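In the two assemblies presented below, subunit A is common to both, partnered first by subunit B and then by subunit C.
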Partner chain A sequence: MGAQDLLEGLKQAVVEGDEDAAASFAEQAIGAELAPLEIIKGAINPAMDDVGQAFEDGEAFLPELILAGDAARAALDYIIPSISADDLEGSVQGTVVIGTIFGDAHDIGKNIVSAILAAHGIKIVDLGINVPPKAYIEAALKEEADIIAISSLITTSLPYHREVINTLRDRGEREKFFVIVGGGPVTPEWTAEIGADGYGRDARDAAVVCQQLLAGRAEGKTAPLPEPVTVGALEHG
Partner chain B sequence: MKTTVARDPVTVTIDTEGPFTIIGEKINPTGRKKLQAAIKEKNYDYVVSLAVAQVEAGAEILDVNVGVPGIDEVATIKDVIGVVADAVDVPLCIDSPSHEAVAAALSVCPGRPLVNSVNGEETSMQAILPLVKEYDVPVIGLTLDEDGIPEDGPARFAVARKIIERADSLGIPIENIIIDPLVLTVGADSNAARVTLDTIGLVTEEYGVNINLGASNVSFGLPDRHTLNQAFLGLGMGAGASCAITDAAKLAPTIKAADLLRGRDPHGMRYIKYYRAHSPKDDG
Partner chain C sequence: MTVRRDWVLEYDVDDVLRGQAADPDVVRARRPRLVEFAQQALENGRDLIEPAVLSRRLGVEGVRHGRLLLEDGHRLSGDLAVEHLGPAQYVVVMLCTVGDSLAQAAIRESSSNLVYAFALDSVGSAAVTALGAAACNSIETGAMASGLETTLPLSPGMEGMPVDPGQREIFAMIDPEEVGVVLTPNLEMVPLKSVTMVLGVGANVATPGGPCDYCTLRDTCRQRIS
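Showing the complex of A and B:
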């Protein structure tokens, strides 16, 4: 099978949420010595973009998005170990520590964002739900993360967003990490008010925000940004 | 078991043996940009219109939640309770996990409201249960605790037990506890509704308390959500649920139908009355 056929097969397997086929195509592509980042860019990213777009358009549904994320992860399990330091030169890979904030047990949105970021070749450290502000910071320091991503569905957990940022500032570590926020009640205005660095309305927006922040960091920008990067605004009433 | 909420002269009885009670869900700004803006700007005409429309659509109690980022929730919930109480005469359901906001709302809310909610977390039980004891009002207990939302029915039942036993130890009568077994979307886990129905069965068998359903989460991320919401509501009612915080306009017809089908509507008069009041009028 040629390189293009392998990439096309992998993309199709991810779109269809076929974990076994995705793993098999990924294994074959690595065996055929395709560059790992080319496999991600050529098959997994476009597959997740297609499924994400179809979900937004109401043509694909949540179980299909989750299955596609699972298939992408299965493929990445074969691809990521083959990524060498040289491959990462000049690319915008990075590490994101993600979790649903303290007081909130909702994890669907956070899981979708994780799946889509992972499919973009970003290393995800998922802290789960009900995450205390300090736990984000400790994990980010330990993992030498680039970005702390905070998910919320209920408004009463929002004050803890500010606590993450204020605690970072008090500890003199605010410049080490970009902090991004998202979820049902979160708005671009809130993002600016608490001095966070980014907001995405949905999971694909979050991926765009992370890529922009990682690219910015590669260019030497540090947190906190004077104005947050916001992608997508709440449109429904 | 009967749980009463009231607003002179109206008494609403949530009853495991009676017809299903509809609690209107719309006065909750989460994900509703227009309501968020209205609450922030203290433009309460929109809140009034939501209140009136829900009562017309068959809501017997109205949930009131003012959770908007960056506002003073304590002052706002008092304002909004006052505005809604002036606009309609149904009892209210005070919706906030904050001890301060619930206390403020209870101090101004007319009649006997319902409190939404307490959960199995130690901090929540310590903050909310003494308030519902002091005001002698019913409270909705969510089956989640420090460890999150349990994955199976027996584990959710254990959280319900914890809340009921703690309430009992404080002298709160069991009829003042309404258990909400929580429902997650079947879009993410196709057994999600099954777990909720199992929990309803376990709680009903052991305690016979009233059970509340949050009836629209179940369909998130799936096509034709209304069909799923209707089917779930029917199954939940069959399993023992006695009230729901839901969209009255969309789901009251299903609820009236299920009440008739399960023998809770003598001669079908509630079903017929609802139909007469809400069916599209023939202009010819």
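Showing the complex of A and C:
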């Protein structure tokens, strides 16, 4: 099988959420000595983009997005060990510290966001649920993260979003990390009100927002942004 | 106050898929594996469902300063409660839960098989939705036998019925320990697959519209009924 066929096969396997096929194509591509980063750029990233766009357009459903993420990770398990140290630095787009905010025990949604971000080549540091505001900051400093991602499923936990941002500001470390927020009760208006840098309604949006923020960081932008990056808000009314 | 646990809940694999915001027909045609995951989660999850409904009937005594006054000094705050429950003869306050066993199973699975974990979680959502519907139907049937109507079930978090103080007020009316539910300081119910509802019962009290019309999440929810 030629290089292009392998990449097409891998892309299709990820789109269809077929873990076994994705792993097999990835193994074959590495065996055929395709450059690891080219496999990622030529097959996995476009596959995740296609599924993500279909989800955004209402043509794919969340479990399909998760299936694709699982298939992408299965392929990456074969590809990443073949990446050299120099290449690896370029392959990791950034680091996101993520957790469900204090007072909120919802786990699944945050795990889905983590899986989708990981499938986009973003390093994830998952702090779990019921995360105190200061724990996000300590982890972000320790991991030299680019983004702090806060998940919320209940309205009563929203005030702790503001506490994360205010604590960063009080400690003089606000410019070090972009802060994004998302989950059922979170709105773009709330995001702007608390001075966060990004809003994502769901896992796909979170991936898009993170990619935009990381691209902005590469261009020299620092937090806080004058206007948050918002993706996926439904029209009100 | 009564606790009832002998519920026969009606939900199927399509409800589990809908709980994942997916269209069952499309998924069945396009990604049969997801149907298999949902089916497997349903089969394994059913035994972990521990349905219980704690309910209490309280007479409506009036409305004062934007609050619904109930017997025994209880009250419910918010325009929604005042408007819809004010004309009722009595309200039935309910706490419905399917327990914590299923949620714990979903958490255990999420690190190794997220698709299945999500399906298990959605079994819990489908079950607690079915439980709430069954509990409301039970109240409605009783009301109709007496020639009365019921309102839409109201829950804290709906537009005009803030979680705070709504959830605190409801928990003050009942003994949640009887069904193993705890309200955290952040007003989160644990087990998570639990809901509180208040139903008004009386003459000519039927509520216009559907639940989404009164939901504060309608601007961000993908599952809203448009």
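We take it that the second predicted complex is superposed on the first by the 205 of 237 C-alpha atoms of A that agree within 3 Å, B and C clash if a C-alpha of one lies under 4 Å from a C-alpha of the other, contacts with A are read in each partner's own complex, and residues count from 1 in each chain.
We adopt the following convention: a contact is a pair of C-beta atoms (placed from the backbone, for glycine too) under 8 Å apart; a residue touches a chain by one contact, two chains touch by 3 or more.
Keep in mind that what you see is a predicted model, and the values were worked out from it rather than measured.
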{"item": "Touching partner for A:Thr156 - first (subunit B), second (subunit C), both, neither", "value": "both"}
{"item": "Contacts of A:Gln93 with subunit B and subunit C, given as first, second, both or neither", "value": "neither"}
{"item": "Partner chain in contact with A:Gln211 - subunit B first, subunit C second, else both or neither", "value": "neither"}
{"item": "Which of subunit B and subunit C A:Asp70 touches, first, second, both or neither", "value": "second"}
{"item": "Partner chain in contact with A:Gly17 - subunit B first, subunit C second, else both or neither", "value": "second"}
{"item": "First (subunit B), second (subunit C), both or neither touched by A:Val186", "value": "both"}
{"item": "Touched partner set for A:Asp202, first subunit B, second subunit C, both or neither", "value": "second"}
{"item": "Subunit B and subunit C contact sites that coincide on subunit A, given as residue numbers", "value": "61-63, 66, 103, 105, 108, 111, 154-156, 184-187, 234, 236"}
{"item": "Complex contact set, residues of subunit A against subunit C", "value": "16-17, 61-64, 66-67, 69-70, 102-108, 111-112, 115, 154-157, 184-187, 201-202, 233-234, 236"}
{"item": "Subunit C - residues contacting subunit A, complex", "value": "17, 20-23, 26-27, 30-31, 33-34, 37, 106-107, 110, 114-115, 117-119, 121, 157, 163-164, 184-188, 190, 192, 216-217, 219-222"}
{"item": "Interface residues, subunit A side, partner subunit B - complex", "value": "55, 58, 61-63, 65-66, 103, 105, 108, 111, 129-130, 153-156, 158, 184-187, 189-190, 193, 234-237"}
{"item": "In the complex, subunit B residues that touch subunit A", "value": "29-34, 36, 67-70, 96-98, 144, 146, 148-149, 184-185, 187-188, 190, 220-223"}
